[in-house]
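Next up: the structures, one after another.
Look at the two complexes coming up: subunit A is in both, with subunit B in one and subunit C in the other.
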Partner chain A sequence: MSDEKQENSSILTWLTVIAFLLAMVAIFVYVPTEQTEGAVQRIMYFHIPAAWLAFFAFFVVFLCSILFLWKKEREWDIYALASAEIGVIFCSLVLITGPIWARPIWGAWWVWDARLTSTLILWLIYVSYLMLRYQTDMGSMRARFAAVLGIVGFLDIPFIHFSVLWWRTFHPPPKMISSEGLGAGMDPSMVSTLLLSLGAFTLLYFVLMGQRIKVEMMRDEVERLKKDHLYSN
Partner chain B sequence: MDNLEYLFAANIFVWGGIFYYLFRIKRYQQSLQNDLDLIKEAVKKGSQDE
Partner chain C sequence: MSRYFSQVMTIIWKDFITEIKTRELFSSMFIFALLVVIIFIFSINLSLIKATEVGPGVLWVAFLFAGTIGLNRSFMLEKENGCLQGLLLAPMDRTALYFGKLVSNFVFLLIMEVFTLPLFMVFFNIDLLPHLLPLLYVIFVGTLGFCAVGTLLSSLSANLKTRDIMLPILMYPIIIPIIIGSVRMTGQVLAGEPLSSMMNWVSLTLCFDIIYIAISIMVIDFVLEE
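Up next, the complex of A and B:
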């Protein structure tokens, strides 16, 4: 990695650390405790940003998969794979923090309503995507099959978003983005804390992407060197 | 109605998940760097022998 890239990566990492420290102060000190749910409602400041990050990561998979199928360049495949892995990690965190929040509020860990079920389906689609990537050999049709799955999987996201509006669900409708305006009906301190947390998670996405792409490029380099120098003798 | 144990559990999972993933990436990077160094050394030795 060049010095300039290394420096940019270091600046981004420090910005992320600072953003998370500010977000933690806002979540645990600044923002008031919600009156009906109590302190457990603070899970929202992790749950919503994790969901945003997962959806954003899968959107990147969708875009990079289209670009890979169109241009046939390995770098788009690398970006899609890196983003899918990050998306699965954060979608898993959504599926873990959601039930932890639901248990004291709804009295149940899980209900099979449209929002929860469609989110679980999204997670299963991208876990399948990763299994396809890890379980099949290099040089096969793997990248193309995965790209198609990456594109099809993304179609579940609009369904997840609108599920709470189309059906009567346990899961509440979106509070941050609603027809009444951004953050309407929420205390301004809650809106600013949520935005801060969303910003910190978004920065984290770019830090993780940088590291994951570096790993994949190193793997390609190892494979290329092995093929050119070790296996050819 | 605070249910602090649930808030604590959610935090453990979120931070545990993020740090575990970062740790796994760093470990994999280290192992690939070792492989790269070994291969480069083997290539260098091979070209010197010729």
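Up next, the complex of A and C:
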């Protein structure tokens, strides 16, 4: 990796650290406590950004899978892998923070509501995607299979959405983007805190992506060196 | 076009001959479906719950589990003795291979389901005969969607070391929409109501079938690449 790239990535890391510190101050000091739900409502500033990040990461997996099948370049496979791993981690965070928030508000850890159910199914699809990757040996077969599953899995999202929606639903409708406009029905300080948190999480996504891609490229390099020096003679 | 059609027919014919000679697949799928239904009867108290309420779910779980066996076998059988290699070397389109496999899986599953239905009717004491036509439609559409995804993923999982475990793990999350839809529609049919009162489900399952067959045609070349 060149020096310039190294410098860029460290700038990005520092930006993320600063954004997260600011977001923490905003979440725990600046933003007022919600009247009806109390302190537990502050988990929203983690729950919604994590959900956004998970969906964004899965969308990146979908795009990279298409690009891989089209161009057949190893880079796209690495990007898809990195994004899928990050997506699964944040999807797990959504599934953990959700029940913590739901327990005092709805009185139950889990309800079979549309959004919870679809997040759970999505999590299962991408966990199976990662399992497929870990169970297949290195090489073009793994990349091709993973790309096919990345496409098939992502195109399932509209079907999952409607099927669980018609199945049953309780989840509050999205507050951020509603028909009344951006952030209607929320205190302006809450909107700005949420946006700050969203920004911090998005930066974190790119930092993690950069690190994961670096690790995977190093692994390729190790494999290549092994082939050249260990097995050749 | 007729050339393509005859290629598809050859694949289907080959699968049928193998099945008629061995009768392995049908017997194992049918007995397995029967076992699933019976185990469900032991695990739920039918004197407390209405049979028409749990029936559709039990029926589809049985179809799903038994169908997984069939789908798993479909490409695993080809993998043994390197038959898949031969099929790929044959001068024909990869999508013809997919279509042939899809149709033969679909027909095997339908036969298994048609044999399971009367037993389900007897064990659950549900009279299926007045609703037979809409019920068959639901089974047709549901099984087609299940097979479309299953055939694609089976062609993929046959190459893995842990193939028989990986197919359900890869397939079940993806076919959840069609399972929910089929169970819902079957419940509606068994309650004696027309399918036209739930057009949203009818169109969702149809769209699922069409889209997944289309995607499979687009990506099958990348899966069956040697």
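Everything below uses one rule, namely that the second predicted complex is superposed on the first by the 219 of 233 C-alpha atoms of A that agree within 3 Å, B and C clash if a C-alpha of one lies under 4 Å from a C-alpha of the other, contacts with A are read in each partner's own complex, and residues count from 1 in each chain.
The criterion applied here is as follows: a contact is a pair of C-beta atoms (placed from the backbone, for glycine too) under 8 Å apart; a residue touches a chain by one contact, two chains touch by 3 or more.
Treat the numbers as computed from the prediction; the structure is a model and nothing was measured.
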For this session: Classify the contacts of A:V215 with the two partner chains as first (subunit B alone), second (subunit C alone), both, or neither.
Result: first
For this session: Check whether A:L225 is in contact with subunit B, with subunit C, with both or with neither, and answer first, second, both or neither.
Result: first
Exercise. Thinking of the overlay built on chain A, is A:V29 touched by subunit B (first), by subunit C (second), by both, or by neither?
Worked result: neither
For this session: Figure out whether A:F145 sits in contact with subunit B (first) or subunit C (second), or with both, or with neither.
Result: second
Exercise. Once bound in the complex, which stretches of subunit B touch subunit A?
Worked result: 1-4, 6-7, 9-11, 13-14, 17-18, 21-22, 25-26, 28-29, 32-33, 35-36, 39-40, 42-43, 46
Exercise. What residues of subunit A sit close enough to touch subunit C in their complex?
Worked result: 69, 121, 124-125, 128, 131-132, 135-136, 141, 144-145, 147-149, 151-153, 155-156, 159-160, 162-164, 166-167
Exercise. What residues of subunit A sit close enough to touch subunit B in their complex?
Worked result: 33, 36-40, 42-43, 46-47, 50, 86, 89, 92-93, 96-97, 100-101, 103-104, 204, 208, 211-212, 214-215, 218-219, 221-222, 225-226, 229-230, 233
Exercise. Can you name the residues of subunit C that touch subunit A in the complex?
Worked result: 149, 152-153, 156, 159-162, 166, 169-170, 172-174, 176-178, 180-181, 184, 200-201, 204, 207-208, 211-212, 215, 219, 222-223, 225
